[in-house]
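By written order: A, B, C, D and E. Residues from 1 in each chain.
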């Protein structure tokens, strides 16, 4: 089970009729158990790429072979909850088979226990994003796509949730693809980091991190970040 | 012209009938030229407070005296653009008197020139947030409210925009209130930092930063952040 | 309750208008009520009301179901819209009388003809409303449902119906009133019972109290259905909308 | 174009149905067209069509304007809704015949009475639809407009109307068809010209081709208005919706 | 044997049917009358066309028109009662020519036969009523009400509405049947009659004959017995005895008593008058009464 991505080009025609290339070239492969992290400037085409990988957009040039039969879960960049269903129902609708104790555990980690019966309109943005995370976790996916899952959360909570994602990833052999603007998240979570150019997005560098996630010391992380910063500067 | 805030309590009744206190006590004053930064855990009540200050919610206990006759601008936590109007129209509708060169300057800084005629649905989240920032900047407000304006942007762009906010604030004597989860933003931009408890939000600490914004060295900033981290930990 | 107050106000207005206009031009509520009670006691009211309600129910259900499905389809598929549009405009603008007369001529003066004709009259307005609703659907939620592999039924119930609910409500309310208006014509032209039949008779006799008694009996039924079933349900279903006050 | 194809298909269906059913039960398009041309040449068609269109335009404009305003108000204010609801249900479910007869009785057999009666018949369906639209308005955008101190006109044009547009479109399309249907009844019962008047005559003579010729003339007008004005406008106004394909 | 008839619930045919049922005239003639009750005057035509009725009530004008257009319908007289011009009791309108410049309500529309006959008759006196009076067309009951509350100066309406007005004290300016003689008609001509399909009648001659005799007997009963009118009073919708009396009298006057051949001869004359003024719109393609419009009970094939 692996994800093969080979997008040679993706363009949008906007309402004013102009055509605009958004992805100019992107080839990589992710294997089971691996976490790929995508980093790139705002508006470069990251979410567009994720939509293609999730099978939501087939209007592109190239070929993407999604892991066959894999259960997909995605945390969109906006929460995308059903406004007319409670937080709990939103999660249960995506994961009807989730056991009550697992659900409780997820809600506890995300500090959502008190909000189970709330409608999404009654949540703060941070809470709504966590609800979207809860939904993705509850699905127990084989292929997990996360589009900036930790934005709009405070540092302490974000750190805890990052640990949670690491735990989840370790617990099951799944393919994970994460988009983030936080180098810290990237280095702490990723097995490989994909650095994208600005629009049209092109895969500039693939930075593998060989040290297993659990063994990455703060020093190592700082070192990798420094390396990345140098790389990053050299292209943008 | 100043903003006096004295909210003793604010509660919501949710759809399931339960009543929940969100703000437990918040008293502060902001003067012209000052930048207040609000920092608090996710879901504690920050956006709720901003809505009260913006005059969007009057169902609370206490008293808020908005700066009389002040022109208000707000960057909501979500972009809140009119989906059926182009980016440029969205900005112009809020600021009909904005001069073309000023508009161009704003779009240039926010790297939105290429997106003027796009509809919001054709933007990435980061672009949409920048459009919302452009709208607030174009208004030339006397009272500026920013709810996590730099979330979902890449580090380089965020740093540039932070400078832009600093420039704007320096150029006009206005009252600014900023909510952020980034301590870096808080220390670099704030004159006073308000630390809130988790829900119900209570004003835990007010940390003034005496050194003018322009003169804050990286060391000073690191020192203040370290101080804050200690404070922060002691309460949460 | 405010609603009752408003209802009382309505009756009062009528009473005063009747007093001013004179009972020939507008009979007072009491006169109409007396006629209604007389008709009810003779059983005629219930007979006719029952017949009409049965037709309304059938035609309404049929046209809402088919109309909603067609409208949804036309709102989602450009091809379906292009193909269906001329038919839709024709059906929309065919007078009720014509449809009913043609239906009776083809299928005889039968219950089936009547109900089909009524349903055909109402169908296009449901299509038009639901088409707008389908066009306004949020693609972001579609994508969410697709990613999480929602089966069809779950999409319909939890993603589509809540978004279409205001359109369905509008189509249902105005549609029910349309069906009722057309049922009357159908009954007038070719049924031996029903409120429309009685209204026709009352009109020929120019018996205004009788006319009003039968006309209002249906409004009364709808009023009760609204108060007892529809509005409590709507309140529940729209709890998620957080409107100040 | 697809639309033309579908239109041709419609004509073909009619032709075949006429051939199968026999021209007594359903005259073929050619027969109806011949009658229409004869009526057009004598000028009668344009006279009656003109009279009806004038009434339709007036009653439609009136009822859409007032109905939309009332509907908006009832959707936004709970008080207005509570107060207006019984009246709304009554008006919705009052048969067209009754309203028209009462209007003629009170205001005489006049143009004013006819138009008022038609407008009153259509009014509640516009109210019901716009009320749903107003309930579905996004409070987040209201807040945005308030913060940036949008003046009333700007809110109406740039914030409210685009959100209400699908509801207005639904109310307008189904409303136009309703107005037209009721105009016919009003003309049938008490006007000396108009399509409804001619349909009444055709109906008395049981002259089906004449009946169809007049009925379809209005559908033809609407078809042209849709194709030339409404749909291009709608396409422009909904460019912002990004639907795949 | 069963005959299906379309009956307007408020029409006179319904009264006769009630008499037939009450006296079991149908049983005696060994036929069963299956009445399709309808609420509007035009519904009978639908019922006939749709095959739900074998017999309905309409006028020979329409039958002739339909024959000319290809539908082989046929007609046999039912009633010679026609509309009348009614004015309020104290109205200054004394003769038909006084209608000039007045507001006249005309039931049934521009092609109504009574209205055409009235126009034709006034044309002989050089009056073009259509342009010289203010005409309001509309539904008969509505116009009757309009005349009753004074919005109209005069009204031409169907006989039953006129009867009700008469009972309210309105004056009968003239009955349309009174206008016929100057055109050359020999007597009261029944415009209204039973209408049925020629082929159907051809196959059921005996049934038609028995049906006609049954209804004729009912007419005789209503002509002879005042008590009978009390029993059918609720059907007529008459609010009081006075109205019922006028209904009764007008009904009795309207019973056709002339031989069919005479009726047909007069119909031919009137057809010419109507065709001249109503034109093709009214009569269709045939310039004269279509042959076969009148049903011949004795014709054998």
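Simple rule for what comes next: contacts are C-beta pairs under 8 Å (C-beta built on N, C-alpha and C of every residue); 3 or more make two chains touch, one makes a residue touch a chain.
The shown structure was predicted, so the numbers you read here are calculated from the model rather than taken from an experiment.
Annotation of subunit B and subunit D: jointly contacted by A, C, touch as defined at the top. Touch-path distance (fewest steps) from subunit C to subunit E is 1. The busiest chain interface, judged by C-beta pairs in contact, is C-D. Subunit A and subunit C, compared by their mean Cα positions, are separated by 49 Å.
Rounded to whole angstrom units, the spacing between the C-alpha centres of subunit A and subunit D is 50. As a whole-number value, the distance joining the C-alpha centres of subunit A and subunit B reads 26 Å.
Each chain gets one centre point, the mean of its Cα atoms, and the points for subunit B and subunit E are 85 Å apart. In subunit E, 42, 49, 139, 142, 145, 149 are the positions where the chain touches two or more neighbouring chains simultaneously. Within subunit A, contacts with two or more other chains are made by residues 15, 78, 119, 122. Residue positions of subunit D touching 2 or more other chains: 25, 101, 105, 203, 239-242, 244.
Chains that are in contact with each other form these pairs: A-B, A-C, A-D, B-C, B-D, C-D, C-E, D-E. By the touch rule above, subunit C contacts subunit D in their complex via residues 1-3, 5-7, 10, 21, 25-26, 78-79, 82-87, 89-90, 92-98, 101-102, 105-106, 124-125, 128-129, 131-133, 135-136, 139, 166-167, 169-171, 173-174, 176-178, 180-181, 184, 196, 199, 203, 208, 211-212, 215-216, 218-219, 222-223, 226, 238, 241-245. The part of subunit A that touches subunit D in the complex is made up of residues 15, 57, 59.
Against subunit E, the residues of subunit C that register as touching in their complex are 24-25, 101, 104-110, 113, 187-192, 196-201, 203-207.
Contact residues on subunit B toward subunit A in their complex (touch as defined above): 12, 14-16, 39-43, 46-48, 77-78, 111, 117-119, 122-127, 130, 148, 151-158, 181-183, 236. Put simply, subunit B touches subunit D in their complex at residues 51, 54-56, 71-74, 76, 78, 80, 82-85, 89, 93-95, 119-122, 135, 139.
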